[in-house]
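Common to both upcoming complexes is chain A, partnered first by chain B, then by chain C.
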Partner chain A sequence: MGEFVGVDPENLKELTRRLEQLHELLARHSPLIQQKMQKWGSEVAVTSLPGLIAAALDDVRDMDARTTRAYELARQQGWSALGRAPGIPGLIYKRPPNVRLDWEATGQSGYQGKRDAETLTAALAAKDPQDVRLALLGLPDSLRRHLADKDYQAAFWAGAGPLALRAARALYQRAGGALFSAESLSVLRALGASLAAASQMRVGTGKDRRPLLPAATRATLTGSSDPWSVGMLVKYGPEGRSWDSRLLADLTRAMLDARAAGKTIWPPARGKLETNVDALRHQRLMADYDAVGAVLQRAAENGMAARHVLGDPATGLKYARMLVSDSWHTPGYDPGPFLSSYVRPGGALPPTGQVDLSAPTAAFLKAAVSAERGTSVDAKESAWSVVHIAQATADFSKLHPQTVLPREIRHALIYTADRYLPDFAASASHEFTASMAMQRGEDAASPWAPVVRPAELEALFGQALQEPKEFGAYKGKMDGRISVAVAATIKDPSDQNYLREMGGLYGMIQRIQGDHHFAEEQLKDEQATRTQTAISIVSGGFGALSFSNAFGPGTITQILVALAAPPLNAMFDTDFALQAYKSNADDFRAQVLHVEAPVLQGLILAGAITPPDDASWVKNGVVTRTAAMADWVSRHSDTRYLGKTFTEWVKEAQDAMRLQQ
Partner chain B sequence: MTSSEIAECRADMAAAATAVREILQALSAVPAMFGDHTWQGPSADRWATGWNARRTQLTRLFDAVLAEQPHLIARVEEAERRKAAS
Partner chain C sequence: MSRRHLAGLLAVAVCTQMLASCTRRESPTSPEAGEAERRGQALVAVVQCFVDHNVLARSEAENHSWFENGKVQQTAALVDWASSHAETSFSGKTLQVWEDEATAGWPGWRCPL
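After this line comes the complex of A and B, so read on.
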């Protein structure tokens, strides 16, 4: 206990206000002053300024805590702001009396955190949302002021944890257009920001280093009986990278478990749904305040959080099965009660008015497979995520053989197949008996790679690729990789034949496409898309291999990265290509389906061919299709390069690409 | 250097000076709340001593900024004169 000091609460409050004003000006103006002065060569040393600004903020926090305590003590002594005075009609403002407080103890921000937690507790006990909002008016400022303050954060979340998580339910408006008022949103945003900041804080050093939020508090967060309210804190909290990845992963698991268990994950219904319009509006409200989607979105933005969830060998498959599903929409409603009795059939009608919610799910799936390739734990989780997504897709197809996954989810599968193209090519060409993430040869220097059983891989492609253009784009990406496959086959220190493996994957995709029995016109579209995608990749310079450290530890990772096609995006304007193809089909085909150029490019990449200095068909190592190139190729068709003639290399590439001569 | 650069330098110095003066004004408003009318006790007095030390540091730093400004403007003007003479 420190020394007690007599204080005048009103003057202490004014002192706090002036300190706050000083800090606000220092924080706002200092960068401007520094920038303007340094621009003209100022030599004034400003290194002490950041420390002085931080100290000014501490002054504000400390004095604010003392002021809060001073007013509290005054109230305990019977003071009330409004009272009566002899001879004066009506109520007048009364100054609080002087009080004595422990200057040191109440000046610590932990005290303020505790007090704010108590304020929140008292406020949320009110039944009327308007009362709750009024009681919490000052909270957002206090939370924001203490975002980087460990003492405050520890005290606040220890005291407020369970209640703060239910804030959304206490604050939502029972009527009107918007679910939350501007003041309520301010509270939710501040609570979300505070929780995110606290989640990233660590205390202790060395072996004692641990999260600031103790396990019990984290358990409260993830075990909340009101997942919807928790989801709203995450929705209105900061972007995903501002959160601790482990906490976001735990929250994601908790939300998915709650959804699977049928717990309340939707916003509360406001009044009886009298008409069809009311019912539709409520579905829209559910979509706008989708708690599970909010958490999935933040985890996707974080990246690592998604990989923690799906990349866990023990539980990742369970959650992948929940995500790879056609259930990502609002529940819909029974239209029966809103139909005229003349047209209403007997029995329950199928639900209608469902709103698609698969976008955050798809973003989450993509993030789960997006770690940088290599030997890191993150790369391992990413590889396991790929395995679990493939397994979950196979399980879904087995359970629902006639159901196609939503478009967004299918595109996440295509993204996965793009990113792990060489791994899938290897999996398609080997009869693996179990799917897993592994390092080739169990060598710790090898990058983590997913190995997927062919049956599961086939199920993944069977769901992912549905339309002719999707088949064409994927095959085009493989075509665009032929140069790299030639080079990689030569450069890989093992005897791995990437061309042959690509051939295996082409075969699998061709079989799946055959099952669709596309019409001739559709096949033309498929071919055009394939061509355009291949051109975009080759001419875009993607997947360049430098082999600066050939045969070194990074070689395989480099090969895997180069062989993985860039994800399909607006860069590949396939519709435009389709027009070009249809207008001049023969020229287009002749340009692209010549395998000689990519094979020649691959052999140059691998160093097997060194073009002559005066060769006009190669510039900066990039081959261009010209008559001179064709002439050079015809003169060297029987020349052997690393054990095969040029013609044999071309034949192998054509076999791999399933091309007709 | 051109005359437009001199004008730009002057404008930057004016903006920085305005910001500095606002801070110095806020700084000088705080100590008025120190003393017996707000608190009575040595702990609070010690806090005020610490705060005054930080105030001195800030005042010195911002005074130095204001004092340097005429020199920076003069340097730009001198460069302009030399350029015009050459």
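After this line comes the complex of A and C, so read on.
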């Protein structure tokens, strides 16, 4: 503080402009400069160039802040850009006077942030959207320039927070095709990017470390009376991983609460809806500018944000209930007014023209259960999310026994069931008081796992699986895991029997399928999908489970990961398997689904069988079913491997998957 | 026609009859779903039986949240414990076998120790 110097604001402005040009030029050409220098074997050290360029940007920011301050001081001294001069008619431009400026003062860019917040405040106060847009022309550039500038960000959001959140409502166009003009989009994008960047900034060190945005500012974000506008900042802001997960989680909760409370979450209607086409177009507009969906989408991209919301033991269930629902569509409209009076029936008509919006909801549910397995807090939140989603599904089915959830949401449930297959299998056979997430064996070194009541699992599978092919795919995934289940039963340091547990889960799924009473033709579909799925997993390599550190602390986590089937689309990439299946269906099916091969594979995986060096039926640890394999198996059917004969292992696998041969 | 084939046909006929009389699913009352209910209760009785007769040391049981004031609680932690001890031998039989027997005889099963 305290180094006052006299400056000419006009010259300072020119200096800033040239500095900025210089920085841009350097930044643009820096890769080429470095490349050429290296190519020519230059002795000049170019490695520090990127650092220097970054420093130049800081200088531009500082100079920009000083320029703004210089003009401000000039105005305080009574200067006005346009004035009258004696002897000259009309207004003329007047140079600002020299001012004295504190050159080194800290918080210069903070000052710029404050000024920009004031500009925004003044601009948004204008009634006419055209005036708003003009007043905000320079804002996006300034916001972008200060994206990494903590002083600026703190000052801007402290000053502009509540208003910036309402920008979308002030900026939208009252007529025309697009809801926002190109300039308005630029403002919304810049505000979104700035908010995302500010959300990730931290100040202080050690114990004192805290978010740059103070609690009060964050509260205005989440407590906004205009959730739709907030949603638009998030929609036009950057991808989910560029946001702070806590802020996105808070915003998600706020949006879901607002939606539940019936607040304005939809874009404003433009004009009166006079025809059926108008009404349909408005439904489309609502879908295109869906604020809740935008926030859910960003939180899903972020991943951890979704897990913060659904993985909270106290509040996660409440939000899971809102998400696992058939209400994810635009409200639709009453077609009555648009019908000819001759055909209009009496009474209210059911709403029509609803547009499905369940995709972001489904993406959010998937993200909520997608943490890497293990002992981390993230894994804990993921496990709790699974528990809450299962409970919410059971609640939904209880309230609406005849309603099937939208396809996207059902697929999120299938994804969850894939990912937590071994966990679901472990709790499918015993009823108990309350589902919860816990570390297996109540041991802090064990991975987090959801332990879900059978009644809730039934509800989850009852909703998730509806079509014969879906049943087939899920059973096929279980078939494809036989070898892993065999290996896991042996390798798991506890006395857990994965095969038997999968058998219990299989029974539950078979029972649910039975209730559907599929016709003969549909059952063929189911069987074909089951076989294809199993083949694509099996031929994709049994080796998904590698017990590199078989008895280390990570064994159970490895087992849980390996037993969880890969996502459906990844599985069906194995075109080769499907081709093989089609070309030689019966033969191939007999080969692959013959349970001896996967059991043998599992025993090899677990190290219980070491194939002879000259065995032709195993290549790189992968079993292929040949006559030589069959011969080897028949000669070893009564040999005991870890307490059971080979035949007993096969019998157990057959029982588990009802794969009678 | 072999006898086995005949039995199969009979089974199919009975199933078809049952299916026809069955309407929309009512999960908690179906006999198989009731199995999870019975198995859950049987597990509590079996583990209580182990503790009461010192087949499972009381001090070991007290290490777990499912054991409170001398009583085995039917909680998630108990199901998790049972999962990791399915093949553990207690008094000559695995937990799995104990549980299967108790479930088959439920609710009349009594601790035989």
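The working rule: the second predicted complex is superposed on the first by the 585 of 661 C-alpha atoms of A that agree within 3 Å, B and C clash if a C-alpha of one lies under 4 Å from a C-alpha of the other, contacts with A are read in each partner's own complex, and residues count from 1 in each chain.
Here, a residue touches a chain if its C-beta (ideal position, glycine included) is under 8 Å from a C-beta of that chain, and two chains touch if they have at least 3 such contacts.
Remember, it's a predicted structure, so these values are computed and weren't measured experimentally.
S.K.: Report for A:515: first if it touches chain B alone, second if chain C alone, otherwise both or neither.
M.R.: A:515: touches chain C, not chain B.
S.K.: Please indicate which partner A:4 is in contact with in the superposed arrangement: first for chain B, second for chain C, both, or neither.
M.R.: first
S.K.: Have a look at where A:638 lands relative to chain B and chain C in the superposition and call it first, second, both or neither.
M.R.: neither
S.K.: Can A:208 be said to touch chain B (first), chain C (second), both, or neither?
M.R.: After superposition on chain A, A:208 lies in contact with neither partner.
S.K.: Of the partners chain B and chain C, which touch A:462 in the superposed model: first, second, both, neither?
M.R.: After superposing on A, A:462 lies in contact with chain C but is clear of chain B.
S.K.: Should A:440 be classified as contacting the first partner (chain B), the second (chain C), both, or neither?
M.R.: In the superposition, A:440 contacts chain C only.
S.K.: Contacts for A:613 in the overlay, against chain B (first) and chain C (second): which applies, first, second, both or neither?
M.R.: After superposing on A, A:613 lies clear of both chain B and chain C.
S.K.: In the complex formed with chain B, which residues of chain A make contact?
M.R.: 2-8, 11-12, 14-15, 18-19, 21-22, 25-26, 29, 32-33, 36-37, 39-46, 48-49, 52, 55-56, 59, 103-104, 107
S.K.: How about chain A: which of its residues touch chain C in the complex?
M.R.: These residues of chain A touch chain C: 401-402, 426-436, 438, 440-442, 449, 451, 454-455, 458-459, 462, 492, 494-497, 500-501, 507-508, 511-512, 514-515, 517.
S.K.: Taking the touch rule as given, give the residues of chain B at its contact with chain A in the complex, in rising order.
M.R.: So the residues of chain B touching chain A come out as 9, 12-13, 15-16, 19-20, 22-23, 26-27, 29-30, 33-34, 37-44, 47, 51, 54, 57-58, 61, 64-65, 68-69, 72, 75-76.
S.K.: Residues of chain C touching chain A in their complex?
M.R.: Touch list, chain C to chain A: 19, 22, 24-25, 27-28, 30, 32-33, 35-37, 39-41, 43, 64-65, 73-88, 94-96.
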